[in-house]
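Following this message is one structure expressed as structure tokens.
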Amino acid sequence: MPTKKLNEDATGVYIIAATPFTDQGELDLESTDSLTDFYLEKGVTGFTILGMMGEAPKLTELETLTVMSRVLKRVNSRVPVVVGVSHASNQHVERLSKTAMEQGAAGVMLAPAANLKTDDQVYNYYATVMKVLGADIPVCLQDFPQATNVYTSVAVINRLIDDFPQVVMLKHEEMPGMRKLSEVRAGPEERRRRISILVGNGGLFLPQEMLRGADGAMTGFAYPEMLVQVCALCEQKKFDQAEDLFNLYLPLLRHEFQYGLGLALRKETLKRRGAIRYAFVRKPGPVLNATDHAELGRLIARLEKSLADAR
Amino acid sequence: MPTKKLNEDATGVYIIAATPFTDQGELDLESTDSLTDFYLEKGVTGFTILGMMGEAPKLTELETLTVMSRVLKRVNSRVPVVVGVSHASNQHVERLSKTAMEQGAAGVMLAPAANLKTDDQVYNYYATVMKVLGADIPVCLQDFPQATNVYTSVAVINRLIDDFPQVVMLKHEEMPGMRKLSEVRAGPEERRRRISILVGNGGLFLPQEMLRGADGAMTGFAYPEMLVQVCALCEQKKFDQAEDLFNLYLPLLRHEFQYGLGLALRKETLKRRGAIRYAFVRKPGPVLNATDHAELGRLIARLEKSLADAR
Amino acid sequence: MPTKKLNEDATGVYIIAATPFTDQGELDLESTDSLTDFYLEKGVTGFTILGMMGEAPKLTELETLTVMSRVLKRVNSRVPVVVGVSHASNQHVERLSKTAMEQGAAGVMLAPAANLKTDDQVYNYYATVMKVLGADIPVCLQDFPQATNVYTSVAVINRLIDDFPQVVMLKHEEMPGMRKLSEVRAGPEERRRRISILVGNGGLFLPQEMLRGADGAMTGFAYPEMLVQVCALCEQKKFDQAEDLFNLYLPLLRHEFQYGLGLALRKETLKRRGAIRYAFVRKPGPVLNATDHAELGRLIARLEKSLADAR
Amino acid sequence: MPTKKLNEDATGVYIIAATPFTDQGELDLESTDSLTDFYLEKGVTGFTILGMMGEAPKLTELETLTVMSRVLKRVNSRVPVVVGVSHASNQHVERLSKTAMEQGAAGVMLAPAANLKTDDQVYNYYATVMKVLGADIPVCLQDFPQATNVYTSVAVINRLIDDFPQVVMLKHEEMPGMRKLSEVRAGPEERRRRISILVGNGGLFLPQEMLRGADGAMTGFAYPEMLVQVCALCEQKKFDQAEDLFNLYLPLLRHEFQYGLGLALRKETLKRRGAIRYAFVRKPGPVLNATDHAELGRLIARLEKSLADAR
């Protein structure tokens, strides 16, 4: 089945997929499969693999290609898969993007290179890469200044939308950034092409962002079924119902939101839910101690009780 | 009535007090009084004035002294008042600290100077100031690297506790930082003096932090009564009950947590609650637009409904 | 004698004046006078007082006003004096700027507030302040991202030049930044108003920058007579002669260029030259040890020998 | 011929080798050979390949291995080759280090991972990797906070020297950092093992640093013969003669020192000297324009004239 390419109509949950390792730090492809199945069962609309939370910078190129082809094969075009291709070298971005598309990716996600400061610098970086990739590769702009230290202004995003039809999606993750989301969303009012906006930051502000016009979430919270339901309810304009559901998970979601440590908490939760075999994070990286484990367990237990009470 | 000095036994809620301005940007001393009353009515254990959220860097020295004496007079020694004294010059820190103590402050709060990098640099900064201030002025260490870009290690905190008896409190605000909190808390197990640890970050992790041994909160959430109740319940070891209450407020608390914008949201909420007359934040600073106002209003309405439902 | 206001024709050396203290850290007004005389004797075209290297953030408002009026009185309108007015609060910028102009300043220098990221944010900050100050107060934009962490793009500088006639000067200090200098300089080719560009960074690239069209230097190297002569020679298009002279001082200039420590080296050199009585830098701040003193002494001795040899 | 391993006695110039590309951005192995020969002819004591200025983060793993084996083969054990192995994943550091040593490297150079803040964090990072690599792989600590944003204190360096015999060299590049150099150098006075200290920052303070006890330089200035002579003269205690020579090159060295742009200037200079065929820097990266070329040409011409005059 040929894969449908990513476009501006994308909605719902593009799950930021974790990359499973064994406790020895090697790729755990068995868990890659089971995690892929887990995400599909929970109803995700799409995947985003090899992002920062997928520990992409800690993979060799061979490992990158292995994970990519494994997930693409397992998903088997049932839902679109976006591949993270950010890299210090444009040549690598190009090679990885083309390989991904050849293997059935729906599009690529690209964060700006390091050390870009002014609007023109950010625009020129993206414009250069867009020209290298060509109009046939759909691109999701990853706007995550907390990690990249690069700030992409609304003006730059709009210029990119106007100049490059392949820019079809924004992963919105600046924080605070809700006004920015509203400003990008207002673009079509000025006859600008309307692109898909999916939100990150672990979904911490998902209900507010959906109300402001986001099309869904691109994040990796270990209970993707909640994200899926919240997005579906919002699509039906049931915003209060969506937020009621969201709030049940908010204590745990906020806990997982802790930058850095969050990845270890997320993998541990996925392991407890049976989605992966090991919670290993590549070193240097966070390791949970006994207190962390107990704290997480308590929050999960409280969530389960809340869910039971809510039924 | 002579003021009791701050010591290691401090617990509960030391409210980070906002500094009210008129809509023309001048000090609003009438609101300073009403806000002080508001906090006292809500049951706070103490005050922390002239911190970063108190817009201290935007005050002239005269305004600083005016706010300080006004609050101290209004509180009238009913609860301890900690005064923020962070400044680029040690001479200013000294002068402001001594003035504060003379006027009845219980202690001072001090963040590290900018550009400190290594453990020795941070320690030496604090050690120098401690010697200048002398052992009679109780000090709360403000550990807020997200704003200062200075990281104070557990090792440095412990050295300061060991070397300077006036170090009686830590405002814990590194994030993620719960393991750090646990490590500082474990100090007394190694026969180290036990100091008070109050947590910041808007209280985002307050229940978890109380479980890890925090003594209370030092933050400015616009519903201080919740912080007060949560701390009281935790003191009674009713952690689940505390967390249930906390979670009712968590959606709004998370909203106010937005760094930068949060101050405008907090002041607007305090205004809506009748605690201050104007929500003005000094420029350059955040200004709420119509969408922000509607969003905040909706979250407040949802909170009120939750509270009503919970009764 | 009424002071001539700063305008776009400014050239030569606007010395970044140090603020002298006694060894107890108090203002040393006697040295303020002698330093002012020293700079005038060395032939500077203008002064810039109360900048970062003038330790402005470590002064109280009263001290700020004292230094300002002392220097303005001593200079007595013989050359223009630019006053640094950067502050976290726009109200303070306004008040200080107006006081400075009333007392005879030729203009003010303004760095952007902290935490500005995108082009629009930087432009809007400046635009807001320009409107507050009004068109009658000439402004020098201080572009020093190494200290402020704010990047002002050429596009923003050009917008400010186009929108605000009071923007008459750029203190160019981004590094590397020579291409930026050339780009700003090229503005008049596009029929944009030509403003004065004076360079900072201790003058490390002064000959190159003059060749690229800078109008002079705004820096505080402890041998201002060299800066004066280099600028004069460049004005006469004697670029090689200018650079030959510059290179004699380059080893010492490079030494003083060390960010942070440089201020202590500069004050010590000014003291050795008899311009000030004490080399004290307010704390926290750098202190020279015996090795530093010997190293500086050796470089000064080598410079003096070079100068003697060159005669 | 078996390669001698790097040890504490290393002195002289370990040239930071550029990685040559064709103008299409592919590895230029012919130029890799000619550049290797060029460095050897100029008398370098050793090589450091695949550092930041070697554009290592922009190479694929295959390219990394290709460059490494090409240089090692060409050098053929005539001088020691240190291989940069910094990477986001410890597993990669281990694999690359072991491969390098198997192929004849003399040791490896390692910068700290990103986001390390406190002394313990930096120490623990290095300690973990040291244990993974084992005592048989000599390590040069790369201390370059301007690029890594990680500050390695003297206390941490000393702990690493004390705990790990394989730590035999420090690439000293913090700036300002001369006092730090002196403090590390003073270690043996406290009966601490004396390691080799080579200085970076383009050699901007080389004469001062040699006087403070540095053992040589590890930098990539395009006139390595000057670095070699300066180090040799300093070894003979002819410090003034060394500095006289150094100062002839200082204008150009300072020009090449420009962070970011400097790599393009360095490659262009190496091309003009016939050491490589193309000056290409991988994208995103700096590109010289006509003004930059003319400016560089003028500085080179002035250097050549100075050298002729000095003869």
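Remarks
Note that the chains take the letters A, B, C and D in the order they are written out, and that residue 1 is the start of every chain.
Heads up, the rule we're going with is that a residue touches a chain if its C-beta (ideal position, glycine included) is under 8 Å from a C-beta of that chain, and two chains touch if they have at least 3 such contacts.
Since this is a predicted model, take the numbers as computed values, not measurements.
Listed here as common contacts of chain C and chain D: A, B.
Taking the mean Cα position of each chain as its centre, C sits at the greatest distance from chain A. If you compare A-C with A-D, the chain pair joined by more contacting C-beta pairs is A-D.
For this pair, chain A with chain D, the centres built from the Cα atoms lie 38 Å apart.
Distance between chain A and chain C, defined via averaged C-alpha coordinates, is recorded as 47 Å. Shared contact sites, meaning residues of chain C that touch two or more other chains, fall at 260. On the side of chain C, the complex with chain A involves touching residues 117-121, 145, 151-156.
Residues 175-176, 178-179, 182, 204-205, 208, 211-212, 240, 243, 247, 250-251, 254-255, 258-262, 289, 291-292, 295, 299, 302 of chain A touch chain B in their complex.
Chain A contributes residues 25, 57-62, 88-92, 113, 115, 125, 128, 260, 282-284 to its touches with chain D in the complex.
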